[in-house]
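What follows is one structure encoded as structure tokens, with my remarks underneath.
Chains: A, B and C, in written order; residue numbering restarts at 1 for each.
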Amino acid sequence: MLYREAGQFKTSYESDQALFPLRQDRIGLAVIFLTAFVVIPLAANDFFPTSIMIPFLVFALAAIGLNVLTGYAGQLSLGTGAFRGVGAYSAYKLTSIFPDANLIVVLLASGLFSAAIGVLFGLPSLRIKGLYLAVTTLAAQFFLEWCFIRIPWLYNYNASGAIEVQQREMFGIIVTGAAAAPLTQYFFALGIVVLLTWLVSNVIRGRIGREWMMIRDMDIAAELIGVRPLTAKLSAFAVSSYLCGVAGAMMVFFWLGAAEPSAFAISLSFQVLFMAILGGLGSLIGSFMGAAFIWILPVLLRSVLPSLGLEVGAETVEHLTSMIIGGLIIFFLIAEPHGLARLWRLAKEKLRVWPFPYG
Amino acid sequence: MLYDIFIDPFLQMVEQPDFLLQVLWEGFVAGILYALIALGFVLIFKASGVFNFAQGIMVVFAALTLVGLHENGVPAYLALVLTIGVMGVLAYTVERVVMRPLVNQPDIILLMATIGLTYFLVGFGEFVFGGEPKKMIAEELGLPTGSTAFDVGERGLVILQHIDIAAAVIAVLMVAGLGLFFNKTRVGRALRAVADDHQAALSVGISLNQIWAIVWFAAGIVALATGIMWGARSDVSFALEIIAFKALPVLILGGFTSIPGAIIGGLIIGFGEKIGEIYWGPLVGGGIESWLAYIIALLFLLFRPQGLFGERIIERV
Amino acid sequence: MTVLVNPERLAPGADASLKRDVLLSIDNVSLSFGGVKAITDISFNIEKGEVRAIIGPNGADKTSMLNVINGFYHPQEGTITWRGRERSKMKPYEAASQGIARTFQNVALFKGMTTLDNIMSGRSLQMHRNFLWQLLYYGPARTEEIAHRRRVEEIIEFLEIQHIRRVPVGRLPYGLQKRVELGRALAMEPELLLLDEPMAGMNLEEKEDMSRFILDVNHQFGTTIALIEHDMGVVMDLSDRVVVLDYGKKIADGTPQEVQANQDVIDAYLGVPH
């Protein structure tokens, strides 16, 4: 009985098309924001934000990026790791060339370079469809990885071949580098992710998002209705790569502090793919859920297993985690192919009638 | 610059034909090995329409089982037989636990299930066998070692490893055997029916479960052969899994459902990669092997979106 | 919305004498796939404001004909004259933007979206606010969205599908899916509406509803309709003129009465009463 829309009448189309038309959803959102912006900073020590929340935000953003391309527009992409790298290296070069530039601007601008490269590798999508398209994104992945190693200009001719983030300030507060406070970085990351998620949700509920879904479901019918497939697909590639690029830049600037080309390898692409799939393709909430699940689960296992009295080495935990995640993926696919987001929606459906069994 | 790209490499080829032959041979061998991997994918795709992402890890897993058994004192041939048995058990388990519950789901779901399987097998393999590279027991299995050098006129030598020749022979035999199996036997026909339409096949009385178990078993055998051959040339480790990604360009060229196509696709990629790397690679600092195969496949796709041997996709409304 | 019946149209074929402009003209069109000839040298036209039926024993020819008009297939020979412009190939985008809309034999709805979204998708051509406005949403993009939502709601009301607005179309029964598809085609505000077996798989009540909708579209909106249909009762009642195809060749062209009496048509398709 908690989750009913009874009594909430919409008197205009604007209110019907709002992002969260139901009061219960708005309350839920408020609770989440409260937790994110107030509770966590107050309650947590230094470890929690840096090792758990910031990576979670980074992965969630990348998962949203992948969801835009694969979940909403239906184009399979295996190159998100490399696109994240493009964003990271772009941000690094930008901040090397313009050390005084506002960091937020740098991060948001670095996504533009990924977007451009994403569009380039998305061009074949007009001719090639489905699984075959995966080869394009794989080509992008491996080619870009090679570029990260072989183009010394990218890492400022550094002897180690890695990029390291220097200390940068914004409004007098140290934001990046060893001296930056974890909470500062957390707030910046949170702000960027919230902003970008809101912007993407706007695009999805409008004409462009609809066109993406049309292309995904039946591109021939879409073409016969007057949608230009190339424009729609390329816009999906652009937006998706942009988001991955910003995620990559944040990954290096707010979380790792430094990165080698191997940080953007194909395993990263798959990690994000699992997050998107597990969370539910075609769902923004799902991206967050999937990221939380795949990122937080190993951490939980690592802390839970020893407390059960089992002395396990870190490696064994890794192995067990792999096995459990693999098993869970299969289990979820059998039980609910549409991911955690669908399970969440089903739970909400149940809440409509609870505690009664039938509505 | 144009000279470097368009003229010089060919000059180099002509100046040292023995080296060219060596490179061609290396390309040939690499191509055969890629083809073996691709073969495993083709088998499962042909019979169930599923792209078995886990094929790569199955190769590693098979090889590790073989070596692991031998390390624990089991004689080589017995270890081989036992490994085949293990792959059989794996095939049956996969069919029961993964394929059967997902029988009517769209292909993308099945693909993701195989991704999950990969994750699981990686963890399981590392758990049981440990992560260090191991040496393949090639000698103990009776595979030839050593090499022969051939004189190429007065210009020089081409060295052929015996193990490579053995790999080529085994691959060709496998392809021929599987081709016969699919086309001439009753089970093979049932497999093709299943590949076309699960439900239709069920309605004519073909037992889906049996067929899938058989196919995964066959793919397991191919994985084992692949693992042995690859492992004999470089050690057995989880890095081998990455090689499986190379199978995608091979499949694109050769078609996802064509057994001879796997060989042709493998050879094209093998040759293309090696020649590209040796003669053009140095121009850009080398290491282009990591992505050249994909670019080659991509270029082919642009001209023929269904691959070289794929069926033309006629879209209907 | 009340259904207005145009008194002039009470008898089918009654206004065959009415002079109308030709909207679409097919001239000597031939289409083949590899060695198979789907359409052989067909010529007919469609006049503005009429309901034109295309009938014939089963084959690929009728749907292929619609696909040629749409620009999905390109004929090897012949020309299409649409709105006075002659062309040998139509492109799908052109056909759509110039006012040709279509439903499909096997419902080609976007299964992952709701009814409302599916019909809104028909408005794509008319929505112009660019990406930057879409990012912001509030402002011009939303205004445009709401304006189009109003039009779509009018169509939803017209087709009486308010109750399934938010249902994902994959879950709808077949008859309702076909209705939603009609709504999506109507959302394009077409001049020419191509309907590929709109009554297929429907029971009598559903057919009556669909016929009523088709007539309303033709009378109230003035939309020209080309209709492939197998139910002879529907064809004779609804259409002004009929063209009969038999394995890719045209064997008759005229009013329903003329076609019904045509011997070739009787031999090939209609049969005689026993």
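Criterion: contacts are C-beta pairs under 8 Å (C-beta built on N, C-alpha and C of every residue); 3 or more make two chains touch, one makes a residue touch a chain.
What you are looking at is a predicted structure, and each value in this text was computed from that prediction instead of being measured.
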Distance-to-centre winner among chains (Cα means, whole assembly as reference): A
Top-ranked pair of chains - ranking by C-beta pairs in contact: A-B
Greatest separation from chain A - chain, by CA centre: C
Distance between the centres, which are taken as Cα means, of chain C and chain A, whole angstrom: 43
Gap in Å, rounded to a whole number, between the CA centres of chain C and chain B: 50
Mean-CA-position distance for chain B and chain A (Å): 33
Touching two or more other chains - residue numbers and ranges from chain C: 72, 104, 108
Multi-partner residues of chain A (at least 2 other chains): 220-221, 224
Junction residues of chain B, two or more chains touched: 317
Chain B-touching residues of chain A, taken from the complex the two chains share: 124, 127-129, 131-132, 134-136, 138-139, 142-143, 145-146, 149-150, 220-221, 224, 266, 270, 273-274, 277, 315-316, 318-330, 333-334, 337
Footprint of chain C on chain A - complex, ascending: 13-14, 17, 199, 202-203, 205-208, 210-211, 213-214, 216-218, 220-228, 235, 282
Chain B residues within the chain A interface of the complex: 51, 97-98, 101-102, 105, 109, 112-113, 115-124, 126-127, 131, 242, 245, 248-249, 252, 256, 284-285, 287-288, 290-291, 294-295, 297-298, 301-302, 305-307, 315, 317
Interface residues, chain C side, partner chain A - complex: 70-72, 92-93, 95-97, 101-102, 104, 108-113, 117, 120-122, 124-125, 127, 129, 131, 134-137, 141-142, 144-146, 149-150, 153, 184, 188
